[in-house]
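The following pair of complexes shares a single chain, chain A, combined with chain B in the former and chain C in the latter.
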Partner chain A sequence: MLTAVKNQVRVCVLSIKYNIMREMLNKVTFLTNICFMALNNAAFIIQWVILFHLKKDIGGYTMKEVMLLWGLAASTFGLACILFDRAFSLPDLIISGKLDAYLVMPKNVLLSVITSSTNTSAIGDFLYGILVMCIFSFSVGRFFLFLLFSAIGAVIITAFALMMGSLSFWFVRAELFGDNMVNCMISFATYPDGIFHGKVRFLLYNIIPVGMAVYQPVHIMMRFDLGSLLTVLGYAILISAAAVFVFYRGLRRYSSSSLMAARM
Partner chain B sequence: MKAIQAEGLAKTFRVKQKEKGMKGSIQSVFHPKTEEVRAVDGVSFSVEEGEVLAFIGPNGAGKSTTIKMLTGILYPDGGKVEVLGIDPVKKRKQLAYQIGTVFGQKEQLWTHLTPYDNFKFFAAIYDIPEREADARIRELGETFALGAFINTPVRNLSLGQRIRCEIVASLIHRPSVLFLDEPTIGLDPVVKENIRQLIKQMNKEFHTTIFLTSHDIGDIEKLCKRIIIVNAGRIVLDDSMQNLKYHYLNKKIVEMKLQEETTLAPMQGIAVLKEKGCHVKLEVDTTKMRINDALAHIDAEHVEDINISNVPLENIIMEIYKSEKGADGGLA
Partner chain C sequence: MRKYAVIYRSVLMENMQYVMNIFMGFISYFMFIFVFIHLWNYMYSSPGELISGYTREQMIWYTMITEMMWFGAGSGTVSRQAAKDIRSGNIAYLMNKPYHYTLYILAKHAGEWSIQLPMYAVLATVMGITMVGSLPDFHAITLLAVIPCIILGITINAVFKLCISLISFWIEDSNPFQWLYDKLLLIVGTIFPIEIFPAQMQPFLKLTPIYTVCYGPAKLIVDFDMGKCVEILVVQIIYLAAGCSLMFFIYGKGGKKLYVNGG
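== the complex of A and B ==
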């Protein structure tokens, strides 16, 4: 059992390493990606600095908290896209029959699939998030909590993307819907949750899991609470289990593709 | 133990139908019409260990779908499969350690890595320790003469070299059964021949059971002792190569362009299929006449261009159908 896990991890690590090697092959694109990402993020910070000059408190958040939120969102999504990028493009694999290659391997299909590509600009996002956190609200405890929550958050949003992507096993047009849901999650993650009320708030904490992936962790990092931490952890385990279930259920319906079908 | 055993294997695909234009698109959203395609329709056969079996049929016959069910990629809708005594649906991973797969139309190698790095990756997938992996790569590299390009990134290789590497990658874990789905598709004749040699060698040296699909009669003639012909998801014929040769593969098609119009003297074993001006199309029955003698009879001096080919697979299948019906009629 233990060697099986060790071997699986060895393959995943190798796979991620080769992915990064592939992305770095084109150094110009690699560097431009990272630069643009940095520029993009800087623009975002400026926007909030201006806003906070006008108003001291937005949705119950101060500047420091918004930056922490932004940093955590960047690191969480960054980490998810470094490790599990393919979970975000699952529909394409399902529809064009690209799961075949993973199904003939003596390894866990799901893990092999989601670790089979890496988004390199996400490396920038991940580091940027940590940097932002260090600049605006550093403490040793917070630093480790930040890393922990990035990892948990990455698992949560990957599980969500996986569930949305798996819909393509059942419906051909699920691709668009799933993409929208995932994009929604990304957009919401960069706004303080205090500005949302009622139904939207319910949605964010229950349907689209930004609440548990980003908002709640920020609250915990500002004011530590073990109960909340365990809730987030429990939620991550639950949603992962659900995602794995949905994926394997769908996999039974996987129909691969014929070359003729692929060309249509 | 049988290497492969299939009984009443079936798979139906549901394909969305869409009528033309905007109206069709709207209709397909609200009332999607689906059509069922019986890709594999109750197929039963078995393969002995160490056997080389050709599974042939025209495009769309259900060959790839059958292979996908045998390797655990697709769930069958009906029937039973066992490969090496293992059910591919229930014990996919366990089976994966013991089989190899090569899909001619899909690549499994990382294109930015060298074949060597790819092989190392596959070795990791199959839990082969470093040292052992290096030894096997060396051995396979020598057997399949990869030395010249084993350190060239895959994307810079020719199609033929790439397929060779795909085959080696699928052998790194020493599978007892190898599935090859149209391994020679899109290759030029020289490379085709090369691949056929490799497959033969593999069977001989490692006693690997080989399940090969193709729509190219040439693959089969050179490789297999046994052949299964499928058409429209059903088995049309399951026979030894020897029998098949005797009954169906003893005819060659000769197409020629002559310098001037001539009429050939009739001769036993040669049938004229078409004769139009300088273009002549003949069918030579090689049980009655050697192809050399036929060419001598034609008088090669006047030939400007010549092409000799096998009878197309479609025609052979048609012929088998006809003869089966004839046999039924005879009994009645």
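== the complex of A and C ==
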């Protein structure tokens, strides 16, 4: 059992490693993508400088906390797209019948699918997140918490994207709905939760899991609370289990398109 | 011009078959505006407060209009498709057709936004009236002057984005440059009106595409002024002429490079 898990992890790591090596074939494009994505994210600092110039406190957040929020959102989404990018384009595989190639592989289908591609620009997101955290609110403890929450957040976001993508097993045009929901998550993740109230807040902490992936971790990093940390961890396990369940239920409905393709 | 009209019409008819896809895009627009309504509601402490000369309603309507143009004139054809054509070598088959490739792309893009933009305009109006309240001092007749500004703004944006895509003749991936251009427009002109920036920066910002692409048309809707309208139209025509010259120049240079590389 342990050997099987070890082998599976090794296959995933190798898959991600080869994805990155493939992207690195053109070094200029690879580096341009990373640097410009970091710059792209940095442009939003202007937005917050202006907003904090108008008001000193926005939704209970100061500039330092908003930057931590931005940093965590960027590194969380970045890590998810470095490790599990295919989870975000799953509908494409389902609709065009490209899952066949993964079904015949001797390893876990889901892990083989989601680790089969890497988004180069996401490396820029991840590095930007860490850099922003180090500049605006560095402490050793917070740094390790940041890395931990980036990993947990990446799992939550991937699970959510996987569930949304799996809707394509059942519904036509579900890919558009899924894309929109993931985009919504990104939109909400970069604004303080203090500006939302009532039902919206409930929605953000339960239906669109941005609260557990980004907001709650930021609160914990500012004021550590073990109970909240365990809640986030429990939520990540729960949503991952739900995503795996939905994917495999959907997979039963999958039918091949007789597409001939080679994976290299 | 007739051949471009035919391209425009065929893309328009094609897009009318996929109206449901446009409806799906409404979710993102709704959520984005929803966030901004909450943000500006928080920023304005009292109903009558002014921020950089804008009331709460004007500020939210400004964002809704600029975002309506952003979402409604989706630029996939001028950015992703043009860059993909060049990267994949497909342009070798498109450039020897009896049309100019760049104008073909612009006609296709126009065919797409002609369907999307009115739909987003209806959504923006419904959202604005129900969630924010009607725009103070707005007269529907002013739309006659504003609509040409919106069309010119979208066209200028398409021309500049196409110029960036044409960089793919020299580098493999022009996407990173598109991100920076988009962010410049999004942060400086779409989310905020120019007046919110420090006074020293405003003359400089008025020289950038932001003034003609998003600020100008949105400003005219929230606070119409005939003098301002004429000024924006003149600047837009100058920008369009300069942008098209740049586009033809880059395409001409890039086409020669394609010949050398063999496509």
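Note that the second predicted complex is superposed on the first by the 257 of 264 C-alpha atoms of A that agree within 3 Å, B and C clash if a C-alpha of one lies under 4 Å from a C-alpha of the other, contacts with A are read in each partner's own complex, and residues count from 1 in each chain.
Rule of thumb we're sticking to: a residue touches a chain if its C-beta (ideal position, glycine included) is under 8 Å from a C-beta of that chain, and two chains touch if they have at least 3 such contacts.
Only a predicted model underlies this, so the values are computations on that prediction, with no experimental measurement involved.
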item: Room on chain A for both chain B and chain C (clash or fit); value: fit
item: Contacts of A:N33 with chain B and chain C, given as first, second, both or neither; value: second
item: Which of chain B and chain C A:F188 touches, first, second, both or neither; value: second
item: Touched partner set for A:V140, first chain B, second chain C, both or neither; value: neither
item: Chain B versus chain C as contact partner of A:L176, first or second or both or neither; value: second
item: Which of chain B and chain C A:L2 touches, first, second, both or neither; value: neither
item: First (chain B), second (chain C), both or neither touched by A:K55; value: second
item: Partner chain in contact with A:A43 - chain B first, chain C second, else both or neither; value: second
item: Chain A as apex of chain B and chain C, Cα-centre angle in degrees (nearest 10); value: 90
item: Touched partner set for A:F196, first chain B, second chain C, both or neither; value: second
item: Distance of closest approach, chain C and chain B, by C-alpha atoms in Å; value: 5
item: Contact residues of chain A, present in both the chain B and the chain C interface; value: none
item: Chain A to chain C touching residues, read off their complex; value: 26, 28-29, 32-33, 35-37, 39-40, 43-44, 46-47, 50-51, 54-55, 58-59, 121, 173, 176-177, 180-181, 183-184, 187-188, 191, 194-196, 200
item: Chain B contact footprint on chain A (complex, rising order); value: 3, 7, 10-11, 14-15, 18, 21-22, 25, 99-101, 103-108, 172, 252-256, 258-261
item: Residue numbers on chain C that touch chain A, as the complex places them; value: 20-21, 24-25, 27-28, 31-32, 34-35, 38-39, 41-43, 51, 171-173, 175-177, 179-180, 183-184, 187-188, 191-192, 196-197
item: Residue ranges of chain B in contact with chain A within the complex; value: 13, 15-16, 59-60, 64-65, 68, 71-75, 92-94, 96-97, 99, 101, 103, 105-106, 108, 110, 112-113, 117, 121, 124-127
